[in-house]
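In what comes next, subunit A is part of two complexes: it sits with subunit B in the first one and with subunit C in the second one.
Right, the complex of A and B next:
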């Protein structure tokens, strides 16, 4: 076995032909530092949701990669994302998690900024600066691009990055499932109060690949299945809709987004769920019918865990959450989780779901606890000199994806593997790491927007 | 004399309640979870809000709300019992091998008793906790904070009817909360 050297990224660490990925990409601190520049400074990242800042002056402090950012709504109702660092000497200008303010005043020397980011106050401006400081030039650093997609706020530091919807590509529909109403109306999601934030001692790519669509980790969750926390009192979820559906892996090549997905048979609505709670059961039964009426065949698509490259996880069914895996070091990740309900759902439905979300997700969640134990110790056991010489295996289901998948009249775009019989594949992880390697190798977006040539050709 | 008796009632009750809390902590640390569940009222509420950094004066915004926001914990006996059941499966990897825990309970103060200190049926008590968790080889967590408990008379003993847990952390520094506080 060849010795690994200790430098940073080089070609070959992700070897999809062999179905292998080197452990170096998880534990090597040089590679981690390169990721901050090549991935987190260039990709679109999830920042928050507009329902967290409903009024002018409202703000929510979020994170993009390692860095603190302020999501805020200015006096004219325009939404901004700023680097949370004073231009004068770098102090955080906002150290609250959320709130409402007319200005952000730096506690160090007192420079203050409007909610539109403009530098509006400089102590001794006339005396010490002789009124010569160009305030227009010294406003808060704003992201290069921001996009409000059905209420969810996304941003990138790279002005050359493609627009957000182009970045999503054919993955749009899976984010729609997260943000649209259960009844198929557009953008009906609301974030519940309380964002869970917690530290896990592992590289950020462990949760990212897990949420990309790990269909293989049943043993991780056997204990919660036995304890029975599902909405109808058994297992960890109501399985009716999954049991009658085709189970798929859907990957968007070129983009690095991927998800588990279920497709109901033509003409079939999801079987009844939430059987111990009649009001909740009735709400969802009604919503499913409405969605079928509004969306037709598209309503047969049923969401499941997925990942938008690089570090945003979706879960558009229950428990309906989004998570961001913030890198904190090669060996530590800060997880943030947002919980969603339909804005207009009855209070009783919101409460019922909230109870389920809390017992399922996050550090006290009876399902997620066991995931984090595995990520923690998988990472720790991969750091050794000998361990690093042996790559992980990602060969499951190699070469079995199709690009023309259709089930009973419904076409599903992307690279698709039908798992209904085979149970599992690692196509989503291969898709994720293929994209990861492209980001590590390509010097600019002209080489990263690999789809532009082929999509132009297809259009011609 | 009456005043002295009232003070003795208070003292006896304080001692009795502190004993209850120490015994409860001992059951948890000795992993006698079924006996611990027996100390919980059937309608118990076990709540641990998330704490936010907020501006002076925004006391309301500092804590997520019970039974409407997302919290670390906000549940009743059914879910608590399922947590015990999960540990008992022996394949709950986050507690397998099991953690070593010590609950240090201190600053116990009985805040009120209904209808009276002499014949209490409901007692509110506050305390501080320091929980030391060590597991596998070197993994260590220390959690410190305050508990606000409501206890209810049950024959000769007491039941925990409500617990609010105020942890002195914002970002949770532990990867999980697989234990009771």
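Right, the complex of A and C next:
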């Protein structure tokens, strides 16, 4: 197998100076196996949303990397994330997608666990185990850390990982756009309907880098632009802000998070949208005014596709959705997509948005179908012995990012490239793969939490 | 003796267990394997009376009508 077996992913496979990334990191099964240990067992991963488990006993089966996990609310209303595997012989203790239960019972030998993870039922406990099995020791495996951020549930298997908000760094404002109400109130989002799940024959990093902010592939969505699948029957989205805002790539160095972003001029509200649906148009017009009143200058930020390292994609505006790219093999990704609405939005607004969302995203969404086709064939065409000798090019816009960008008094932290004129850059992908290489190289968080050193220095 | 389908049993039903104890179902999780039940009698261990325990399906040998 053609593979660089030298220690040092950054120098060997991710060469940011040359703007090259080896195809091996997408198609090599040994690298994929190592990713499970070095990335998915350590990073913070998105598990679900609290609105999916509103009552005690409710559960939703999710994934963290390749691991099946149960997100559930116990009898005392506390939220947990457990490995979905019986401690006796490993059978899944929950084989449904979601529901409500007082216990998770393993169908193999019958061990049964409370929604707080405690082992509560052991067949023939007195007779066969002579009452000596330590039930406290054999509960479900719980994640090392869990964080409820404005209703979204995140978890990591690594007890040494920094807290979730430290992990996000300056990226919190972009996740806020996803989870706060459109009128600027905190944490008003709820999940709309079920989760769309589908398989794509490609490595998980194809969708991850695409949602990091690939504006260069817009041409592949030309057909949906021409068909006019947008809310008002033209283009893909109602995005009048494109014509008046600065369009940015924003990357958070050291964290591996990045996004496309729009910044409106001072004092300007987003241009009208949803004009073909008066109730919806009025709802968003009202919300934009309220947001400006509550958030002030911060309301000038308008969200667009972004990625929280490693595998969670954001899209806070049209369609408002989050996705997780679950790795299933080096050559297969299971995509899960959550759709969001303001929970207090009028029913007509929710129905309108649902129709638009599924027209755009997911396995039946016309735009996402274009993406899947690109990832599918790019992956397949990169697997061959000859193909994998040739790296991909990530050189676009190298050396042009600025730090501490400011536009009409609004500061944007991070490494920023102004796309208003240049249209495109690959700074987000370079940021993503730099972080990927750091995770693959670093043995512990003293080397991964690189920002702590610079923060210490600044404090001194 | 034919096996009893514990999934169909409702709270309030009295059950007879293999060791001769009797218990009343408090909750049925519906997994076909377990019942939450409160002991009404227990010749083997009288201290169990009044206590709620999980009962494994094969231990349920009869229903008390």
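Quick note on the criterion: the second predicted complex is superposed on the first by the 449 of 460 C-alpha atoms of A that agree within 3 Å, B and C clash if a C-alpha of one lies under 4 Å from a C-alpha of the other, contacts with A are read in each partner's own complex, and residues count from 1 in each chain.
FYI, a contact is a pair of C-beta atoms (placed from the backbone, for glycine too) under 8 Å apart; a residue touches a chain by one contact, two chains touch by 3 or more.
These figures come from a predicted structure and were not determined experimentally.
By the touch criterion defined above, A:120 lies against subunit C but remains apart from subunit B after alignment on the C-alpha atoms of chain A. By the document's definition of touching, of the two partners only subunit B reaches A:366; subunit C does not. By the document's definition of touching, neither partner reaches A:448: not subunit B, not subunit C.
When the two structures are aligned on the shared chain, A:199 is found in touch with subunit B, with no touch to subunit C.
By the document's definition of touching, neither partner reaches A:208: not subunit B, not subunit C.
Residue contacts after overlaying the shared chain place A:71 against neither subunit B nor subunit C. Of the two partner chains placed by superposition, only subunit C is touched by A:103; subunit B is not.
In the superposition on chain A, contact is made by A:112 with subunit C only, not with subunit B.
Contact with neither subunit B nor subunit C is seen for A:345 once the two complexes are overlaid on the shared chain.
In the superposed model, B is the one of subunit B and subunit C that contacts more residues of subunit A. Counting contacts by the rule stated earlier, no residue of subunit A appears in both its interface with subunit B and its interface with subunit C.
The touching residues of subunit A, when paired with subunit B in their complex, are 95-99, 192-201, 219-220, 222-224, 226-229, 334, 339, 350-351, 354-355, 357-359, 362-364, 366, 368-370, 372-374, 376-377.
Every residue of subunit C that touches subunit A in the complex is listed here, in rising order: 27, 29-31, 33-34, 36, 54, 56, 58. For subunit B in complex with subunit A, the touching residues are 48-50, 52-55, 58, 61, 64-65, 67-75, 79, 82-83, 85-86, 89, 91-94, 136, 170-178. Interface residues of subunit A, counted against subunit C in their complex, comprise 101-103, 105, 107, 110, 112, 120-121, 123-124.
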